[in-house]
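In what comes next, chain A is part of two complexes: it sits with chain B in the first one and with chain C in the second one.
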Partner chain A sequence: MSVWEYLQFSFVQNALIVGVLVALCAALIGVPLVLKRYSFIGDGLSHIAFGGMAVAAVINLTNNLYLIMPLTVAAAVSLLTAGQNAKIKGDAAIALISVAALAFGYFLLNTFSVTPNISADVCTSLFGSTSILTLKQSDIFLCIGMSVLVIAVYLVFYNKIFAVTFDAEFMKAAGVKSKAYEILVAAVIGIVVSLSMRLVGSLLTSALVIFPALSAMRVFKNFKAVVLCSAAVSVACALCGILISIVWGTPVGATIVLTEVVIFGLFCVSGLKFKRR
Partner chain B sequence: MEQKIERQAEQTPEKKTGRTVLSVTLALVVVVGLFLVITKPWERIANPKNTDYFDLTAMSANMVYAQVNDMINIRPEAYIGKTVKARGQYSVRHDGSADKDYRSVVIKDAAACCASGLEFVYEGDLPPAETTVQIEGTFDRYEERGRVYYHIIAASLVAV
Partner chain C sequence: MAGLYVENISLGYEGNTVAKDISFRVSLGDYLCVIGGNGAGKSTLIKAVLGLHKPLAGVIRLGDGLRRGDFGYLPQQRDMQRDFPASACEVVLSGCINRCGLRPFYNRKEQTLARGSMEKLGIVGLSKCCYRELSGGQQQRVLLARALCAAKKILVLDEPVAGLDPAAARDMYEITADLNRGGLTVVMVSHDTATALNYASHILKMEKDAPCFFGAGGEYRARSGERKPRSEGADSV
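This part shows the complex of A and B:
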């Protein structure tokens, strides 16, 4: 079958729409994360989301996003706004919560399994093999709704996000409520990580967040240019990755991430070439 | 001459990089646009060739898994009366309480970690379990013990 024939199927169209929106949101939030040296938080939060998914599966929730999203947002807010007074700081806090949630989730799924094939559930959650192609109607509406919300928040509060990314202390000194905007950014990160699980799975979510930003930074030095380039790269890689995986039968999440790795390599080479001029 | 020197001095490396990237992007957009105008994919998507026949044997592993999931879990009623051709491992499960055998074709996704079963009924001779088979038949609904289920009424079954 040709790729055009595959595009006739409604679940493929849904996968492309949701995949593109989620990739766009991940790219937008990836730039502030990378600049604030919080690249690894995507990984940590996705492990927490996995723990939430396990709890949702055990209690038989109709849509596990209803539990995963609030849990991930709460974790993101507490990790990113802990500040200097936290007893366990930065990467140690992320690692602590992340591995605990992963172990807890896998323990729950094994001990209180509700499906006959635990390996399949774990594999789908961790690597997102075909989850983007098996979306229910409620999943589609929720993903689209939350993606539009994230994009709208980013556009409306673009200047504040820019300021809180580069110098939150100066914002505070200038009398702006930087804490509120930090919480907003953290909440948006939590939402994006929850949505990204559907596209690439828990283990590969951080790639969706950081690779487009890092690729754009090889070539551009201006914040707006990096954001725009990052968004374009992320959307293109998500589209290509989903189409390649559909046509050639490769795992969706891994294909998208590998496409991003290739593009990152190309941007690195381009960046080196432009520097030599 | 002085204006030309001034203009050249204003061409910082970043501006040159941005201009190059913009040019490459515009060129890509033009190429993709021309490709879309020539192939007109929206016409093919809006007017599919055949919506009554689903040949799962011609699809990739991911598409087969997703299609079976759509048939069984998402929109089963949309496939009633359609012809389905599928290939997978033949599996038999005996239900002691109903004293009935349930036969299905098990289809795995690309990573082979997830599997879906398409239940079928077939009047002819059946191969041993775990054999790879190819079936073709009509997708239909049936009721049993007050619940609705879906299966394929297979017109043909071939061991592959």
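This part shows the complex of A and C:
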């Protein structure tokens, strides 16, 4: 079957729409995340989301996003805003929480599992596998709704996001409530992480968030261009990844991430070229 | 009537007092220079004045119509900013952040303001350049232009000449003095006492484990003149 024939199927169309929107959100929020040196937090959050998914699976929730999203948002807000004052600092706190959540999640899945095939369940939630192709109608609407919300928030607060990323202290000194914007950014990061789990699984989520931003930063040198370029890279990679995985039967998440790795390599090379000139 | 009252504040982190019993006031139009050695708590004081750091004791009050949104701040350079993909223009424009409230984008007036402050500092030509690729002096000018956009009444500078070569440092002092003559209140931290005395109308000298001095520039000169034989070395650093 050709790609064109696959595109006639509604599940393929749904996967592409959701994939593109989620990838777009991930790329947008990835730029401030990387620039604030929070890449590792994105990774930690996805492990927390895995814990949430395990709980949802055990209590047999119909749509696990209803549990995962608030949990991840709460974790993001507390990790990103407690920051400087916490007793256990930065990377240690994140490592601690993320492995704890991972262990907790696997423990739950293994002990209280309702399905006979545990390892397939775990593999699906860690690496995404085919979940993007088996989306339910309610899932699709929720994903689209949240993605549109994230994009709208990003557009409306674009200048604030720039200011709070570049220099939150300056913003506060100028009398702007920078804390509120930091919480907003953290909440959006939480939403995006829980959405991207659908697309690439929890272990690969942070790739979706950081690769486009890092690729764009190799070549472009102002904020707006980096944001636009990483959005474009992310959407293109998601489209290619999903189509490749459908046609050749490769795992969706891993294919998207590998596409992004290749693009990152290309951008690195062309970035070097720009520099040499 | 003063714009900024600071009364008997103590500063420190987690119970560790860095400086105590600091009192001074800044009237609108003044040029206050905060001097003192390393570890005297100058930067911490500035952060307290800006509301970024909570003093352990004492009060900081704003008067004479001065509000939190009237401050423009030139922070000490940090590492994070050095590899940030931002054009000089984007950085300067972000100084208007306290003018636009919840409005999503900067309006024409704010863009003109940003342009104007870049013109004042002679960096219009750099507007499209990447911030991280500018020289130290140019970066400092970009950040000063940003602070100017935010400073409706008062400009607060933390070690603006640190890491600059002598010519760039002199330029920075001249620009600041010009701005002050134009009516802007200036509070500057510096450890260059000699130059500070040339420009400032008031001096706050902070010393570790000693009461600090606050007074007009002339007063400070007269006082330090008296004890010249003993303190010459310390004062000319």
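Everything below uses one rule, namely that the second predicted complex is superposed on the first by the 277 of 277 C-alpha atoms of A that agree within 3 Å, B and C clash if a C-alpha of one lies under 4 Å from a C-alpha of the other, contacts with A are read in each partner's own complex, and residues count from 1 in each chain.
Basically, a residue touches a chain if its C-beta (ideal position, glycine included) is under 8 Å from a C-beta of that chain, and two chains touch if they have at least 3 such contacts.
On a predicted model such as this, the values are computed, not experimentally measured, just so you know.
Superposition of the two complexes onto chain A shows chain B and chain C fitting side by side, with no clash.
In the superposition on chain A, A:Lys160 contacts chain C only, with no contact to chain B. Contact comparison for chain A: of chain B and chain C, B touches the greater number of residues. The superposed model places chain B and chain C at 160 degrees from each other around the C-alpha centre of chain A, with the value given to the nearest 10. In the superposed model, A:Leu61 makes contact with neither chain B nor chain C. Look at A:Leu16: by the touch rule set out above, it reaches neither chain B nor chain C. Using the contact criterion defined above for the overlaid structures, shared-chain residue A:Ile144 touches neither chain B nor chain C, since it reaches no partner.
In the superposition on chain A, contact of A:Leu133 is made with chain B only, not with chain C. Looking at the shared chain after the overlay, A:Leu35 reaches chain C, while chain B stays out of its contact range. Looking at the shared chain after the overlay, A:Ile244 reaches neither chain B nor chain C.
Of the two partner chains placed around the shared chain by superposition, chain B and chain C are both touched by A:Phe220.
In the superposition on chain A, contact of A:Val252 is made with chain B only, not with chain C. Taken over all C-alpha pairs, chain B and chain C come no nearer than 7 Å in the superposed arrangement. Contacts of chain A with chain B, set against its contacts with chain C after fitting on chain A, overlap at residues 220-222, 225. Residues 50-52, 67-73, 75, 80-81, 84-87, 90-91, 93-95, 97-98, 100, 104-106, 128, 130, 132-133, 146-147, 150, 156 of chain C touch chain A in their complex. Chain contact summary for the complex, chain A toward chain C: residues 35, 37, 155-160, 162-163, 166-167, 169-176, 217, 220-226.
Residues 1, 4-13, 15, 117, 119-120, 123-124, 127, 129-130, 133-134, 136-137, 219-222, 225, 229, 232, 245-252, 274-275, 277 of chain A are the ones that touch chain B when the two sit in their complex. Contact residues of chain B toward chain A in the complex are 13-14, 16-18, 20-21, 25, 39, 41, 44-45, 48-49, 58-63, 65-67, 69-70, 73-75, 109-111, 113-115.
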